[in-house]
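A quick write-up on the structure given underneath.
To keep things simple, chains are lettered A, B, C, D and E as they appear, and every chain counts its residues starting from 1.
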Amino acid sequence: MSRIGVFICHCGENIGATVDCERVARACAGIPGVVHSVDYKYMCSDPGQNMIKDAIRDHNLTGVVVGACSPRMHEPTFRRACEEAGLNPFLCEMANIREHCSWVHEKSEVTTEKAIDLVRVIVEKVRRNKPLFPIKVPVTKTALVLGGGIAGIQAALDIANAGHKVIMVERSPSIGGHMSQLSETFPTLDCSQCILTPRMVEVARHPNITLHTYSEIESLDGFIGNFKVKIRKKARSVDEKLCTGCGLCTQKCPTKKIPSEFDAGLGMRSAIYVPFPQAVPNKPVIDRLHCTFFLKGKCRLCEKVCPTQAIRFDQEDTIVEADIGAVVLATGFDIKHADFFPEYGYGAYKDVIDGLQFERLASASGPTLGEIRRPSDGRKPETVVFIACAGSRDPAKGIEYCSKICCMYTAKHAMLYRHKVHGGKAYIFYMDIRAGGKMYEEFVRRAIEEDGVRYVRGRVSRVYEREGKLIVQGADTLLGAQPVEIEADMVVLATAAVANDGAEELAQKMHVSYDAYKFFAEAHPKLKPVETNTAGIFLAGACQAPKDIPESVAQASGAAAKVSALFSQDELTREPVIAVVNRCAPPLYSTCVGCFLCQAACPYQAIEKEEIRARDGNLIKTVAKVNPGLCQGCGTCVAVCRTKAIDLQGFSNEQVFAEVMALLNRSEANAGI
Amino acid sequence: MPEFEPRIVAFVCNWCTYAGADLTGTSRIKYSPNVEVIRFPCTGRIDFMLLLKAFAEGADGIIVSGCHPNDCHYTSGNFHARRRWILFRGLLDFMGIDVRRVQFSWVSAAEGAKWADVVNTTVEAVRKLGPYDNYRQIARSGGV
Amino acid sequence: MKLGFYPGCSLEGSAREYAESVIAVAGEAGVDLEQVPDWNCCGATAAHNMNRNLSLALPARILAKAEAAGMKEIVVPCAACYNRLSVTRHELLENESLRREISATIEYDLRCDAEILNVLQMLDRHVMPAIGDKIRVPFARRVACYYGCLLVRPHKILKFDRLEDPQSMDAIIRKIGGDPLDWAFKTECCGAGLSVSATPLVGKLSGRILDDASIRGAEAVIVACPMCHSNLDMRRPHCDKAMKKHYTMPVLYITQAIGLALGIDPKTLGLHRHMVPVKFEKHPADAASARPAPPDAVKEV
Amino acid sequence: MEELRKRAGNLLESGQVRVVIGYGEGTGKRVRAVFIQDAGQADCLIFDERCRQNLALYLTRHEVKKLGKPAIVASLPALRAILQLAGECQIAENDIVVLGIGEDGSMLDLPDFAAIEKHVASTVREPDPAEKAQFDLVLAMSLEERWKYWQEQLSRCFKCYACRQACPMCYCSRCTVECNQPQWIPVPSHDLGNLEWHVMRAMHLAGRCVDCGDCSRACPLDIPLYLLNRFLIMDIESRFNQRAGTTAALDYALSTFHPDDKDDFIR
Amino acid sequence: MEMETRLLKKEALAGLIEKINAAGRKIYAPVRVGDRDEFRPVDSASRIDLGCIQTTQSAKEVLFPRVERILSFSRRDGAMETADPDLSILPEVVLFGLHPCDAAAIGSLRAIFTWDTQDAFFTARLERLAVIGLSCAEADEYCFCTSVGLGPGATDGSDILLTRLASGDFLAEILTEKGRELAALSPGLFLSPPAGADKSSALAVVEASFTREQVRDRAKAGFDEDALWDGQALRCLGCGACAYVCPTCACFDIQDEGTTNRGVRLRCWDSCGFAAFTLHTSGHNPREEQGPRWRQRIMHKFSYMPERQNVFGCVGCGRCSRACPVDMNIKEHLIALLEARS
C-alpha cells in the first residue's frame, strides 16, 4: 500500500493569499494512501526541504507530492531533496497550485477546491510511479560552435581552453562577424580591430579548435552528448593548404565592381576576394555568382598569377561529419535594410545610410579610409542627422522591441563625426536614451557636453531631398512639439536589429524553438538565458536577442561554462523518462505484435526490432525495442500503439488514466473534513 | 438557479502550453477556474481514449493544447497529434458526440494571454452548451 | 459595363468639374456610372466626433441603398466619402453585433458585399485598360501627383497603395504620357477642413506643397480629392501670401488630365471652373537629382 | 473453379504448400472456409459470388500457421488484406502462395506482392449501393439524430466480439479490450462500454481497414459497423490521400504526417 | 398435479394477453424486427409473430441479463459500505410463444444457478416468471430438439403449452400451478377441448439424428482425440456469438466499476470460446487453441452437466449454428463426432 507524503506550500503569500493551504493539507490527509499531509510557508526553503527529508525517514514514505509552484521551477530541487533522504527522486512530483491556480484565480472556495483537485490528481499519479534510475549515456567531448562572431569566438576559446575539442562553423569566408566591421567600440572608443583580431588569430591557431569557414550546417541529429552533425563546406575554389594568402589574385582579378558585403555595399570588391585585410583565415574565396570564369568560362587570370597554383575551379562542396556533445548557437544578428523606410528615402537617396555603413565610413580599413564622406559625391558633410529608433519600438512597422545598442552606437557615431569633421554639426533625433551599461551614461554625456552633439527629442516624420540638401522634418517635443526642419548633407538611420534571414530554418534544423521575431528562444528568460529547451544546445550573443559586445562575450562565456560542465563527466546521466516495450511471461513474451507502426512515428528513430528466440534458437516473434540512448520521451509511439505494448516511464498509461479519473471524481476528501 | 459551472479537463504539452500557462500565472492574468490541467510530455502522447474517459467521468468540455507546428520540442509530436485529432474529431462527430465541447489549440510558451483566452472562451462556450447530459446519461447507465 | 456611383456633396457643389470629368472619362471607356438611388450625406469628418453610430449609420444607409439596387462595385471619387464608406464597411464586417445594431437603425439588413472603389482603383480596373489606344494628345507635362491623406489612411483598413510613398497616380500619369515628379509632399497635409476655420494655416501648409512642386519644375499638380483641390486651387491667394511667392501652376483632377489626353474638350471637363487658370508654362526642369522611380511592386510594411 | 482445384491439387502434391485455405459448401446455401491438406480433397474447393468471407484473417492464426505454408484463395478484399498485413510485418512474401481470383472468377497469376499491388491498383472499389445510401443518410443527420441513431444501434451490441474476430486486421494477441491495468474499455456490454468499444475499434482500424465488410456480416445482430470504418476510410482518402491495402510497404495514416495537413478547428 | 387440456379460440388470444397485461405482468413474445425475430415486451397480441420458427437471441435475458448489478459500494467517512439491489421490485414476467426447446432450457439454467449456492438474482426472476409455450408447427435444418430428448410438442418448462390446430384455434395444456393461475385470470377464454383434437398432427416433423446419451458417451470417450476437435474448430473465429444466443449458456464474468470511493459490481456474460476465458495471470492458458475451446463447449453441455446436474446443457434450438459467422453447425459436428469412431 503506498505511503505518500503531501506537502502544501504557502509560497509566502503567493499561494496562501487565494488558497486555504491548511484546508488543502487537511483534505489530502483523507486520501487513501496518504499517510502524512502538512503545509508550510516555504517548502523550497532549506527548513522546508528538511521537513520533507525528515518525513521520508520518519514515515518511510514511498511517494512525495509537493503542492507548490510549477514543476518546471522546483521539481529538480524537491527531487534532489528526496534523493538525499533515500527516496527515488522519480517518486516525487509537484502539483502546480501557484501558476495554474492561486495566481490566476480570486480567493474563493472554488480556488481551494481546485487546488485540492490538482494535488489529488498528482497523488494518484505518484501512487502509480515506479522508481526510475537515470540512464547513463556516453558524452562526446567535442563542442560545435555555430557562428564566428565575437560571441562564437569567445565561446570557442573558453571551451578549447578548458581542454575540449571545438568545431567552429562560420557562414562567411572569415570569422569576425559584425564586430570586424566596426570602427571603434563604445564606451571606450578603442579600435574594434585591435581588440578583435588577436582573438581571431588565437582561434585560428588554437590546437583544440577546428575552423570551418564559408560553411553551413546541413543537418543535426541525435541528442545531448551524442549529436551527429553534417557540415557543408562550400567550395572556396582555393586550396587552403597551398594558398599563402599573398593576395596577388585579388589584385589582378579584373571584375572589381561587386558591392562588398563587408563594406555594407559602400565599397567594392573583386570576384576572388578576402573580405577584409585582417580576415582569418586569410585565404580568398571565388564568388561564383560574379566570377567571369563561372559565368562565361573565360578569364582564369587568378589561376595564372597564383604563385602556388592554389586555384581549384573544379572544387566541389564537401560534407564533413562529426560527433558532437554540445552545440553553442552564436549566429548573431542583422540590421533592417532597404526599402523598409520610404518616408526616410532609405535605399533611394544615396546619402541616407544605416549604422553599419557609417561604421565602414569611419573605419580606417573602410572604402573612405576613415574619412566621413558622402556616398553620393564624396564631399565631407557639414551637417549630419542621426535618427535613432528607425524601425525599433514601432508596432506599425511590426518591430515592437528596443534594439538596445543603437543609442550607444549613434552617440559614438556622432562623436566620431565631430572628431573627424571639426566644423560639422551633428543632430540626433531620439525618443529615450538607453545608456544603462557601465560607463555608458558618461559616454553619452561626453558626446553632448564635449563634442557638441545636438540631441533633439522627437521623431523624424520625413526626409526628402531638395536642391542637393536632405531636408529632415521632425519635431522637438521638449520645445513644445515645435516642428523642426534641418537641412542635412547626410542622414544616418539607426535601423532595428533583427534576426538573420535563415534563422528560422536554422532553428528548425537544430530543433530549437524561436520567438515571433525569429530570435532563438532561451529556456527561461531570467534563470536559463544561455540554454534552450533542447538539452545540449546553448545560446550566445545577439542570435538570442539584440545585445552589445560586453553582454555577448559574457553570455558566450556562460554558454562555454555550461558546455564545460556537461563535458566534466565521462557519462551523462539522462532523465529516465523514456519509452519501454513491455515484456511478460511466455507464451506471449510481450503484447507487442511486431506491426512496427510505432517505428515511423518516432522522430528520433529510437525504435529497433528485437527477435525473441526460444532456447533452441528458433524465432518465436519479432517485437519492438526502444534504444534508451536515443529516446527523448515524447510518448508519440505510446499513443500510436494499439495494443498498449509500449509505455512511457513517468507518464505511463496507468498514471495518466488515473489522473483523468481522479480529476473528474471529486471524493469526500474535497468536501473538507 | 446558480449558473451552470462546467467542469473542463485540459490535456496540455509540457514544453509549450504548460509553460504558456505558467506564464499566464507569472503575469497574474486571471481566468475562469473551471479548467484543470493534466501535463503530458507532448501532445503526441495524448491517447484519444483519454478524451472518451474524460466525458465518461463527467467532464462537460475538454481542451487539448500543445506546441505550434514546427515548434514541437520533439519536432513532430504535434504533427502526429494533429492528424490523430483530425480523424478522431471526425469520427466523434459522425457518432453524434458533441465535438463543440472539445477545443483544440496551439499555445506556445510565450502566449500566456492566449492560454487565458482559450480557457475563458471554452468555458463560456461549454457553459452555453450546458452540462453534457447525453454522455452522462449513458455513463450512469454504466451502473455507477 | 455598369458601376454604382456615389458623387457626395462636393461633387455636386464646389467640385462639379470633378464629377463631369469622371463621367466623361468613364464614358470614353464604356463605363456607365449609375448614381446610388436616394443617396445621403456620408458624414465626412464631422460626423464621428459627434456620435459614432451616426458616423456609421450615414454611410451604412448609402451602402444599403446600393445593395438594394444590386450594385456590386461603387465608385466614390471623393477621398473623404471613399474613406468613410470603406471604414464603415470594414467595421460592420468585423463586428457582427455592431452590424446588427446599425442594420436596425437604418432598417435594412446590410450584408456589406458591395465593394468601394476610389477613383484611382476605378481608373486602374475599368478605364485604363479600355482607353490604352485612344490617347490622342499625350499629356506630356511634368506634374506633381498629390494624394492627400484620406486616400491612403488608415492603411490597415484601406490597404490601398503604399502608405508613405504612393505610386498609383504616378503610374496612370505615365500611361497617358505624363512625367510624374518624384517628390516628398505626396501625402503631406494640405490643411483640409481648416480651409474655412484657419485659412492662413491652410495657406502655409498648401503653400509649402506648391512651393516644393514648383522648385522641382512641376507644370501642374494632379489631385484626386475635392478637398485637396479646393485648398491648392481656391486658396491660392492665401498660399501666395503665406509663401511670399506667386505660384501659377494649375491644379487638375486626374480625370481631367486623362480627359485632355483623350482629346475631350476642356469645357466638358469643367476646366473653366478652376480659380487658377489652366495654362501651362514650361519651367526649366532644374538638375535636382531625380530620384529613380522605385519599383512598383515594392510592398511596404 | 476447375482451374482453381487443379492448381490447388498441384500445389499440395508438389509439397509447395501444406494447406490450401479456400471456400467449400456449408449448411444449406451457406459457404464456409475449408482447409485442404491433401490433394484428394481439392475438388471440394468452390468459388462463386457467395464466397465473400476474407480468408486472409486465417493467415495470422497460430492454429493455421501450425499447419505449415498455406496457399490462400484470395478475392479482391483478401488481396488488399494481404498487402496491409505485409505492410505491418505480419506476413512475408515467401510465407504464402496467393491463388488470386479476379472479379470475373478467372484465376490471376500473382507470384509476388508487386503483382498484387499492380492488380489492386487496377481495380476500382464500388461500395454497395444500399450501404452507400445508409452512409449518406447518417451523414445527413443532425448531431442529435446521429447520437440517437448510434445509441440505438450500439445499445443492442452484447460484445460477442465477432466483429473483432472476423477482421483480418485484428490479429493482436492481447487486444486492448482485454487490458485491465488500466481498464481502458468497460467489459460489460452496457451503453458506455459498447460506445467506447466501437470508437476504439474504429480508431484502431483507421488507416488500416481494407473495407472488406466482414465485421458487419459477422455481427449476429446486424449492427451496421461498416459505416464507422467507411467514414474513416473516406476521411483519410480525401484529407491525406492514403488508402489501406494498396501497398506492401508501410503507409499508416496515423504514424506519418504532412507538415501542412489541413485542419479547420485548431485555434 | 394432473394436466388439464382446454381450447383457446384464436380470437380469444388477444383477450388473454390483455388480461395478463391488466394483471400487471410484463409479457415478452417473439416480434418481427427487420428480417429477424427477437423477444420484445408486447402489450397486444397483434405484434406477436406466431409463425416465427426461432428468434435470433434466446429468451434467457429475462432470467440472466447480459449486464446485472449485483451490489454497489461507497465510502462514507472512511468506511466502505455495500448495498444489495432491491429484488422485490422485479416485475412479474410472462414469456409467451416460447418453443418447447427454449422452455426446456430454463431447466438447464436452473440446474446451474441452483447447483450448490442458490443464486438470489436468478431465483428471484424465476419465481416471477410464467411461461406460455407454443409447440412448433414448423422447423428448419438447424433444429434438432428430437435428438436431445425433446420434441416440437414437449411440455417441460412450460406452465401452459399452446398447440396451434389446423382450425387456427389453440389446444391449451395447463401443466402447472402457475399455469392454472394464468388460466384463472380469464376462465371464460378456456373452453372444453373439442373431441378428437389430435395434438401430434399439428406438430412439425424433426427427425432425430442421434440421441443425447450417444453424444454424452462419445464425447467423453473422444476427449483426447485432438485431431478431431482441432479439425472441426479450424475455421472457428473464437467469438462469443454462439454462447450469447444460446438459451442454456450461463457463464458470466464479474466486473467492478467506479472509483476507490464508490462503484458497482456487475455480472456480465462471458463465453468459453474467448481466448482470454481461461488465461491465467501467470500468462499460461490451459486452453491455448480454438480446438480445446470448441471441445469444452460440447463437453460441458453433453458430458459435464449430465454428470454433475443430470440435466443436458443443449436443447437443440440450433441458434448457435444460425448465428455463427463461419457456419460452425453443431448438429453436423455432433453427427461427425459420432461417425468418427474413437
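Here is the rule we use: a contact is a pair of C-beta atoms (placed from the backbone, for glycine too) under 8 Å apart; a residue touches a chain by one contact, two chains touch by 3 or more.
Values in this document were obtained by computation on a predicted structure and should not be read as measured data.
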Exercise for the section: Select, from D-E and A-E, the pair of chains that is joined by more C-beta pairs in contact. Expected result: D-E
Problem - Most centrally placed chain, judged by C-alpha centres - result: B
Exercise for the section: Can you check how far apart subunit A and subunit D are, centre to centre, with Cα atoms defining each centre and the answer in Å? Expected result: 51
Exercise for the section: Would you mind pulling out the distance in Å between where the CA atoms of subunit A average out and where those of subunit B do? Expected result: 31
Problem - For subunit C paired with subunit D, centre-to-centre distance based on mean C-alpha positions, whole Å - result: 70
Problem - Averaged-CA centre spacing for the pair subunit E and subunit B, given as whole angstrom - result: 48
Practice task
At least two other chains touched by the same residue of subunit A: list those residues.
Solution key: 588, 601, 640, 653, 657, 661, 665
Handout entry: Touching two or more other chains - residues of subunit C
Key = none
Completion exercise
Check: subunit E positions touching at least 2 other chains come out as 67, 257, 266
Handout entry: List of subunit A residues in touch with subunit E within their complex
Key = 30, 32, 584-588, 661, 665, 667-668, 673
Handout entry: Of subunit A, residues touching subunit C in the complex
Key = 339-340, 342-343, 345, 347-349, 376, 396-398, 462-468, 471
Problem - Residues of subunit D touching subunit B in the complex - result: 138-139, 141, 143-151, 184, 186, 188, 190-193, 195-196, 198-200, 202-203, 206-207, 227-228, 231-232, 235-236, 239-240, 253-255, 257-259, 261, 263, 265-267
Exercise for the section: Provide the residue numbers of subunit C that touch subunit A in the complex, in ascending order. Expected result: 162, 164-165, 183-185, 188, 212, 215-216, 286, 288-289, 291-292, 294, 298, 300-301
Practice task
Can you check the complex and tell me which residues of subunit E touch subunit A?
Solution key: 75-78, 259-261, 282-285, 288
